[in-house]
Amino acid sequence: MATVALIQYENASPEVRAVFDDIKRTRNVPDVNNFWKALANQPETLRRIWETLRPIMAPGALDPLTKEMLYIAVSIANNCEYCVHSHTASARAKGMTEEQYAELLAVVGMAAQTNALANGLKVPVDPAFLAGQQR
Amino acid sequence: MATVALIQYENASPEVRAVFDDIKRTRNVPDVNNFWKALANQPETLRRIWETLRPIMAPGALDPLTKEMLYIAVSIANNCEYCVHSHTASARAKGMTEEQYAELLAVVGMAAQTNALANGLKVPVDPAFLAGQQR
Amino acid sequence: MATVALIQYENASPEVRAVFDDIKRTRNVPDVNNFWKALANQPETLRRIWETLRPIMAPGALDPLTKEMLYIAVSIANNCEYCVHSHTASARAKGMTEEQYAELLAVVGMAAQTNALANGLKVPVDPAFLAGQQR
Amino acid sequence: MATVALIQYENASPEVRAVFDDIKRTRNVPDVNNFWKALANQPETLRRIWETLRPIMAPGALDPLTKEMLYIAVSIANNCEYCVHSHTASARAKGMTEEQYAELLAVVGMAAQTNALANGLKVPVDPAFLAGQQR
Amino acid sequence: MATVALIQYENASPEVRAVFDDIKRTRNVPDVNNFWKALANQPETLRRIWETLRPIMAPGALDPLTKEMLYIAVSIANNCEYCVHSHTASARAKGMTEEQYAELLAVVGMAAQTNALANGLKVPVDPAFLAGQQR
Amino acid sequence: MATVALIQYENASPEVRAVFDDIKRTRNVPDVNNFWKALANQPETLRRIWETLRPIMAPGALDPLTKEMLYIAVSIANNCEYCVHSHTASARAKGMTEEQYAELLAVVGMAAQTNALANGLKVPVDPAFLAGQQR
């Protein structure tokens, strides 16, 4: 249960409806997800998040499926239950196969493990990494 | 500075040298990174991590560059300084362009933001996400 | 469901009842929240947490509402579902308006985003920050 | 050392300079901090972050100092070294006293502790919290 | 609800059944937990996790109960609800008393608090710690 | 570099000196660590942390070395560099062998990995875990 009421389209202000309409049009869906209905209590945040999220997730140097998988990886590491579910669903809708999903989780789990080992051992960064990065 | 001494090849046991040799051969590098030199204090862990990491990062349903970018995303979220530097260097060595890197960071940052919003608002998961996932 | 049984007042030991009574008196509430009922399985921890929490959340150089909002911010970042709900309720009880809540969440979300960007880019700390802090 | 070169004003593109100029004007400072110089490698992200951060941190229902303290709280929880230093410096520049800073840290530390206890005991959310939040 | 279907023994492939059988034999339990039934969608990960987890949790320089308590501590800090419940149950099955559990939680909570304080104050590491660690 | 000046004994107030003296006496050390010198800027927090930390880390149902190892585990998961170094040094001073340290890190790393997998797959908690915990 959210800390705010979920705002349905029929009860939304014109400002909120405009964002909902754009989300539905862009994603070709009949209704927006709960995330947007919760954010609609804060119309300025709703508009800002949508307007910045849309171009970031659009095709670019990275394809949309890769972006969804990166989103899943971060959401797992930050343990956002809503985001894990919503972006796993989105990635599948964009064609993620179960083989890709298995490899994604294997990488995320292995990264969590070696992150812990490197943070526990406090391994100093190799100078070679730094030298190659300043370009 | 690490919590353990970094073990150089010339001081390593035959068991450790065998792992170091395999890392160098697999990656075609003249020496292993500090992470492995620190792990070499715990030879069983060194061997296990390398033997499980190698196949996970190999080409599969996801290509090696995508895997490196997922690794960066998790390492940022877990804030592992060593891992951020080492996997950013690896991703670049595997061809990550600066445009791809910019989009990777934009997605990771946006995910961190919406993770916080969803966790703060405690948005309930849409039933539609769950229905689609049980296959 | 908790990992321990929730201890109700009528089943509590005198030691636990004394803490429960002090919480109810201090907060002017008819019963304590589940957090305290769960902690009551560990009476020494119950007493210690209450006795240290009470003065920290009392009016001081920061007012109680600001303190509740800081508590919410940390609880979101650590993703403590119980704490997000309990402190959001407390902040509202102390007068947090929906406009303040919206700004709180906007700051928390933006901070999560720039934290990720700074951790990803590994931005070196400006010497000017450090110089100004040593006083 | 960053994963990218820090871009100085004299080497910046007109697009980047325009953002740098706006930051310097808004904050009345002679130069921008390293965070912006690192982000300048990704001009679109630089522009987006600045244009969304500026209004969020402006005076509103919450005053700028409260916002800086919330930023510090999140940055500590996410352990962003750069952000802790930069926002602690900003909060002091906006008038945070050492007494306020002490209370801020006490709240953040106590929240981290009770977050861990609630997450460890898996305390169920009190129905009363939820009932009061749906408005 | 999981992002994948839970695979029951009767519907499992021979490869998955072999792992399930080994888990049941090693732990002397009539069925495997949900974690393994979910992982069974990714048979290679199922096998790898079980084959690496089993020796790590076996008696060694640390006894199995200490290992379970360390697992609980990490699971709380990473806020993995499933893992907190499963490893708290395992620790109790291995003899963890309620007094030990209370002290475990007290240490975890205190560590979370001083972690936040040290990260907030950015305390520099004492040279003496480093000197003693390089052996 | 800390966000505050480190307060040395000779410049400390009588209130701070009393805490420093108790730390030195309890631990039989000639000087306190940087953590306490930083906290000394906030004398009330210094006193409170020391007075609550001391009994929690004292021998009880868990021995002091087990407590130090739990502290290390949490500090790694929260990525507190200072705390990882200070508690690794403390654990070694209390007799942690390199074999124990290796097993500690192996458990912490494995826990981080399975935490990520369980959080990614959103595995539902087995009812059997919950049934056994309510006592």
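So that you can tell them apart, the chains are marked A, B, C, D, E and F in the order they are listed, and the count of residues begins at 1 in each.
We take it that a residue touches a chain if its C-beta (ideal position, glycine included) is under 8 Å from a C-beta of that chain, and two chains touch if they have at least 3 such contacts.
The structure displayed is predicted, hence computed values, not measured ones.
Mind listing the chains that sit against chain D and also against chain F?
A, B, C, E
Tell me which chain's centre, taken as the mean of its C-alpha atoms, is farthest from chain A.
So the farthest one, by centre of C-alpha atoms, is F.
Only C-alpha atoms count here: how many degrees separate chain C from chain D in terms of the superposing rotation, rounded to the nearest 5?
That pair's rotation angle lands at 180 degrees.
Just the number, please: Cα centre separation of chain C and chain E in whole Å.
27
Centre to centre, by mean C-alpha position, how many angstrom separate chain C and chain F?
Chain centres of chain C and chain F, defined by C-alpha means, are spaced 20 Å apart.
Could you give the separation in Å between the centres of chain B and chain C, each centre being the mean of its C-alpha atoms?
One centre to the other, that is 33 Å.
Could you say which residues in chain F touch two or more other chains, in rising order?
Residues 1-4, 45, 48-49, 52, 74, 76-81, 84-85, 88, 102, 105-106, 108-117, 119-122, 130, 133.
Should the pattern of chain-chain touching be classed as line, ring, star, complete or other?
complete
Hey, which residues of chain E end up touching chain F in the complex?
Residue positions touching the partner: 1-4, 6, 33-35, 38-39, 45, 49, 52-53, 56-57, 60-62, 66-67, 69-71, 73-78, 80-83, 85-86, 88-89, 92-93, 97, 99-100, 102-104, 106-108, 110-126, 128-130, 132-133.
Could you please specify the touching residues of chain A with respect to chain D in the complex?
Against chain D, the touching part of chain A is residues 1-5, 48, 52, 130, 133-135.
What part of chain E is in contact with chain A in the complex they form?
3, 41-42, 44-45, 48-49, 74, 78-80
Which chain E residues qualify as touching chain C in the complex?
Listed in rising order, the residues are 79, 84-85, 88, 98, 101-102, 105-106, 109, 116.
Help me check something: in the complex, which residues belonging to chain E touch chain D?
Checking each residue of chain E against chain D gives 72, 76-77, 79, 81, 84-85, 105, 108-117, 119-122.
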